[in-house]
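Presented sequentially are two complexes of chain A, the first with chain B as partner and the second with chain C.
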Partner chain A sequence: MNALNLLFQFADNFAFVVLAAVGLAVIFGMMGVINLGHGEFIMIGAYGTTLSANAGAPLPVAMAIGVLVTAVMGLILERTIIHRLYDRLFDSMVATWALGLILTQGMRILFGNSIPQVSTPLGNIAYGEFSYSTYRVLLLPVALLVLGGLYVLFTRTEFGIRARATIQDPDTARALGVDTDRMYTATFVIGSALAGLTGALYAPTLTVVPGMGSSFLVEAFVAVVVGGPSVLLGTTLSGGLLGTIDAVFTNLFGTFYGQIAMLLTAIVVIRVLSDGLTGLVETVRNRVEGE
Partner chain B sequence: MPPVLDCEGVSAAYDSTLVLRDVDLTVEDGEIVGVMGKNGAGKSTLMKTIIGLLEPASGVVRYEGTDLAGTTADERANAGIGYIPQGRDVFPDLTVEENLLVGEGVNRDRERDLYDAVYDYFPILDERRTQKAGTMSGGQQQMLAIGRALVGNPDLLLLDEHSEGVQPSIVEEISENLRELNAELGTTVLFVEQNLGAIQDMADRCYAMERGRIVDEVGPEELQDEDAIASYLAV
Partner chain C sequence: MSGKRSGLSRRSFLATGGAIGGAALAGCLTGGGSGEETVKLGIIEDRSGNFALNGTPKYNASMLAIEELNEEGGILGNEIETFAPDPQSDNQRYQQLTRQAINEENVDALWAGYSSATRETIRPIIDQNEQLYFYTTQYEGGVCDSYTFCMGATARQQLGSVLPYMVENFGTDIYTIAADYNFGQLSADWVRVLADENDANVIGEEFIPLSVTDFGSTINNIQDADPDFVMALLVGANHTSFWNQRTSAGLDVPMGTSTVMAQGYQHKRLDPPAMANVYGGFNYMEEIPTDRNQEFVSRYYEKFPDAAYINEEAVNNYFSIKMYARAAEAVGSTNQADIIEELEKGMDVSAPEGDISLQGPVHHMTHNMRVFRCDEDHTITVEDEQQISEQFLSETVGCNLRENEETTQYVPADYYEEADATQE
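Entry: the complex of A and B
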C-alpha cells in the first residue's frame, strides 16, 4: 500500500459518495421523500449527456443538456405524481421505485441495451507504476464545489432561507406568505438536477446502460443514512468516513471488501447513532455549549 | 370604506367536530379588537380560519371587502394580513434576521419594509440579529414572532395569545408596543386572549367567545370593569 495511492483512492471515493448522495439527500432532507428512483435519475442525466455528445455536442454542453433534461423530468414528475405523496412516506417509496423501473425499461426499449460511449477526456496523470485519470481526480474539486454551492444556496439566499423555514414549520411559513408548494417543487427540481449532474459527470467514466443507476444506489443510501438529518454536513461527513473506509479496504483486500466494509459501517452507525453523524455532532456541540 | 375584516356566519370544524359556530365579527380600520374566551373556546381556530390555515365549513370571511373563499394562507398573507401563531412558532434553526426575512412575504404591495420600526420597538431583536431563534427566551421569541409579522407593514395583524408562557412584565411591554404601533402606523389589530390584563391594556372593544360562539360584545367602559368580563375568562 502506498500513501499517495491511498490518497487518490480516497479522493475518488469521497467525490463518488458525495455526488451519488447529494441529490437524494436534498430531496430527503428538505421534503422527507425517499426517492427510490434516484439512481435512475442519475442514469437519465448520463443518457442525456452521452446521447448529446454522440450527436456532436461538445462535452461540457452535452453535460449541461444532461442536467437540464433530468431537471425538467423532475419538474414534470413532481407536478404530476410526487406532489400527491408528501407526508406519505411508504407510498412515495413505492411510487418512486416504480418510476425507477419504468425509466430503466423505457430507456431499454427506446435505445436498446447499449449505446456508443463517450471516452474519458483529459488523459492521465502517471507517476511511477501508478496512473490516474485526470478527469476523475478533478471530480473531487467538483464535488466540493457542489457542496459549497448548496451551502451558499441554502444559507445565504432568500430562496434558501424560505426553503429552510418551510421544512421547519410549513404552516407558519405559508401563513407568512411563503408559497410552500412552489418551495417543494423547486427543491425537488434542484434534487433532480443534482442527480442529473452526477450522471453527466460520470457518463464519460462509466458504461452508460439502462441499469447503471443501481451502481450509485448503495453509496447514495448508505451516505444519507450515515449522514443523518442535516443534509450538507451529513453528506460531507459520510463522504469523508465512507470514502476513507472504502479506500483502506479496497487497497488492502479489493473492491468487493470495500463495499462490504461500507455496508458494515452503515449497520454499525445505524445501531450506535440513530441520528447519524450529524446527530453525533449536534450532541457534542450541545455538550460543549452547555459547559 | 368596507371594514378591514368581516366574518359572517363562520363555522369551522376539525374532522367533523364543530369548533366555531356561526361567528359574526367585524374589525374596522385602525381598531384594536379583542376576542376573549377560555381555553378551548375556539379562539385559535378562529385565527386559523381567518388566515386560511383552516377552511371554514360555512360562512364568509371578507378582507377589505373581498371574499377570501378559495384563497390560500400564503395569498392572504401576500395581500396584507400578518399572522402571529399561538406558542410563537418562530423558526427555531433560523437566526433572528432570517426569521424576519421570511416575514417579508407579508403584504407584497407595501411601499416600504418596517425593519427600522421593528428594531425600534424591540431593540433586543437588533442585539440578537445573528442568534438562532430557538435559543431565545419565551418573551424574546414572542417579540420576534410579532416583528416577523410586522416587517412587511401589514394592514391587519392577527395575534394569537401573546401572553401565553411569557412573564407578566414582558406581556405588558409587548401590549404597550402594540398600542403604540397601532397609533403610529395605523395597523389594525385583531387579537385573541384569555389574560385579563392584556385584554384591558390593548382592546378598544372586545368580543366574548364561549364554546365556539360569540356570546357578547364589550365596549371600552365595560372592559375596565373586571367583574363584568371575568366570567368569560378562566377563573
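Entry: the complex of A and C
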C-alpha cells in the first residue's frame, strides 16, 4: 500500500462524503425536513454548471451560476411547497421524493438523456509510478472551507444566532422579534445552495445525467445518520470516519469492499450510538465536565 | 363530466383491443392466408429511467424499421401495428408489460429489454407462453432458448475481435475492470478464456459495483499492476465517470472494451480527450464509413432529427424486425411456431454493418465485427474487420434448438478451467 495513494484517496472520499451530505445536514438539522430530493438538487447544480460552461462561461463563473440556479429553485420551492410541510416529517419525505422524481424526468424532457460534458481541469499530481487527479485532491480543502464557512455563519453572525433561536424555540424567537418564517426560508435556501455547490464542484468529474442525484444519496444519508444531531460537527466527524474506512478498505480490497465496509460502519454506529457520533461527543463531554 | 368521458373511451378502447386480439388469435389458429391477418409487434424499450440513454435509440430504430416495412406494404399485405409502452427501466414493469403484450395484446413477436438482468426477468414468462422473443443487446452469451433469438453480438464475439488485436499491438499483460453483476462477471470470465487462447495473461481484475462513481483507487491499482493494456467492461452512467477521471489522472495505458462508446456514445458526450486510445470490438457504430451504413444513418436522422446517436442495439432491433418480416412472408402467416422453424433454417441478412447471417440452430447471429479506435479528438476509425460467428453454444456446448427444446443459459465456467475464478 502506497501512503500517498491512501492519503489522496482519503482526501477524495472525505470531500465526497462531506459535500454530498452538507446541504442535507443543514436542512435536516436546522429545520427537521428530510429532503429526499437532495440528490436532484445536486443534479440541478451540475446541470446549471455544465450548461453554462457549454454556453461559453469560464468554469468558475459556470459554477457560480450552478449554485445560484439551485438557490433560486430552493427559494421558489420553499415558498410554494416546503413551507407547508414544517413539522410534518413523513409528508415532507413523500413530497420531496416526488419533487426529486419530477426534477429528474423534467430535466430528461428538457435536455434529453445526456448533455455534452465538461472535462476535469488542472491535470494530475504524479509521484513515482502513480498519479492522482489534482482537481479531486483539491476538493478536500474546498470541503473544509465550506464547513469552516458554515461554522462562522451559524455561530459568529447575527443571522446565525437568529436561525438557531428559531430552531430551538420558535415561539420565544418570534416574541423577541425574529421573523421565523424568513429564517426558515433563508436556511432552506442555504441548504439548496450547498447542494448546488456540490453539483457544481462535481460536474467536471462525474457524468452529468438526469439520474445522477442517486449516486450522492447513499453517502449523504449515511453521513447524516452517522453524524447525529449536531449538524456541522456531525458532518465533519462522519466525513472523517467514513472517508477513512472507505479509503482503507478500497485500497486493500477494492471498491466493492469499500462500499460494504461503509454500510457496515453505518449499521454498527446506528446500533451502538443511537445519537450518532455527535451524541457520543456530547456524552463524553458531559462525563468529563461532571467529574 | 370529463371522468365519465374518459371512462367511456377507455371501455371502447378495451373493446377494440379485444377485437384485435381476437382477430390475431383466430389468425394464429387457422394459420390464415395473406391479407387477412393483423400483425402486431411488441416493442418494449426504455425511454425513461436509468437505461433511457440506451433504450431510446432502440425504440427509434424499431419505429424506423416498421415505418419502412409499412411503406412497402407491411407484412403479408397488412399494416404492422405496435404495442410500444415505456417500461421505464423498471424490471417489475417489464414483467407486467410482457404479460400484457402476450396475454392481452397477443403480439406476434416481441422485442424487449436492454440489460441482461431485464432479459432474465422476463424470459420465464416468455418461455411459459412460448412467445417469439428477440433480445438485441450485446450480451455475455450462452442463452440457448427455443423462443429467444439473441441478435446482439456475444461477449466472445465482441471481446474475440478486440482482445487479439490488443495483444498483437500492445502486449500480453491484461488488467480487467468490470461491472459487478452477471454481465460483467461473465464477460471477465471470457477475457480470461480469450487471454489463454491468445497466450496472454490477466494480471489483475477488479469488479466495480454499478453505484460507484469514484475511480481514484481503481486508477492507482491499475498503475500499480502496470499492464500492457486494460479491458474496461464498464456499464451505466455512474461508470462513465471513469473516463474523465482516468484522463485527468494521466492514466494513458491503452484500453479495450466491449461495452463503452457503441452503446452509450461516450465519445460524443464527453469532452475530448476523455476517450483517447480506447479500442472497442463491436458489430456497429454509426461511424462505419460504408455507403450502405451512411444511407441508413441519413434515413434515421431524417425521421429523428434530434436523436443523439444510433447505438449497436438500435441497429440490431432494426435488422431483426426486417428479418422477422421476411420469415413471416416465407411462412405465409404469423404463426409463431412456424416462424421459429423458418428462422431455425438460418437466413442471410443485409444489415447496416454488412452482410451477416442467422445461425439457426443456436438462435444467434454471425456478426461482421470491427475494431474501432477513438483518438484524442474523439474521431472514430475502423482498425480491423472480420466475420465472427457465435461459437460457445454452437461449438463448445453443442446447443441445437432444431433438435432439442431448451431454455438454458450456459456459462463459460462450466466449460473452461480459466473461466472458473474459484479454481485460482
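Couple of notes before you dig in:
Note that in this section the second predicted complex is superposed on the first by the 291 of 291 C-alpha atoms of A that agree within 3 Å, B and C clash if a C-alpha of one lies under 4 Å from a C-alpha of the other, contacts with A are read in each partner's own complex, and residues count from 1 in each chain.
The criterion applied here is as follows: a contact is a pair of C-beta atoms (placed from the backbone, for glycine too) under 8 Å apart; a residue touches a chain by one contact, two chains touch by 3 or more.
Quantities reported herein were computed from a predicted structural model and do not represent experimental measurements.
Superposition model on chain A: chain B and chain C are shown accommodated side by side without a clash. In the overlay built on the shared chain, the residue A:Tyr127 is in contact with neither chain B nor chain C. Contact comparison for chain A: of chain B and chain C, C touches the greater number of residues.
Looking at the shared chain after the overlay, A:Thr207 reaches chain C, while chain B stays out of its contact range. In the superposed pair of complexes, A:Asn113 makes contact with chain C only, with no contact to chain B. In the superposition on chain A, contact of A:Asn5 is made with chain C only, not with chain B. Contacts of A:Gln105 after superposition: chain C is touched, whereas chain B is not reached.
Taking every C-alpha atom of chain B against every C-alpha atom of chain C, the smallest gap after superposition is 39 Å.
Contact residues of chain B toward chain A in the complex are 51-53, 72-74, 77-78, 82-83, 85, 89, 91-94, 98-99, 101-108, 148-149, 152. Of all the residues in chain A, the ones that touch chain C in their complex are 2, 5, 8-9, 12-13, 16, 105, 108, 112-120, 122-124, 126, 129-136, 204-207, 209, 211-212, 215, 218, 247, 250-251, 254-256, 258-259.
Residues of chain A that touch chain B in their complex: 158, 161-162, 164-165, 168-169, 171-180. Residue ranges on chain C touching chain A, taken from their complex, read 48-50, 52-53, 56, 180, 206-209, 211-214, 216-221, 223-224, 226, 237-238, 240-241, 244-245, 247-251, 269-272, 274, 306, 308.
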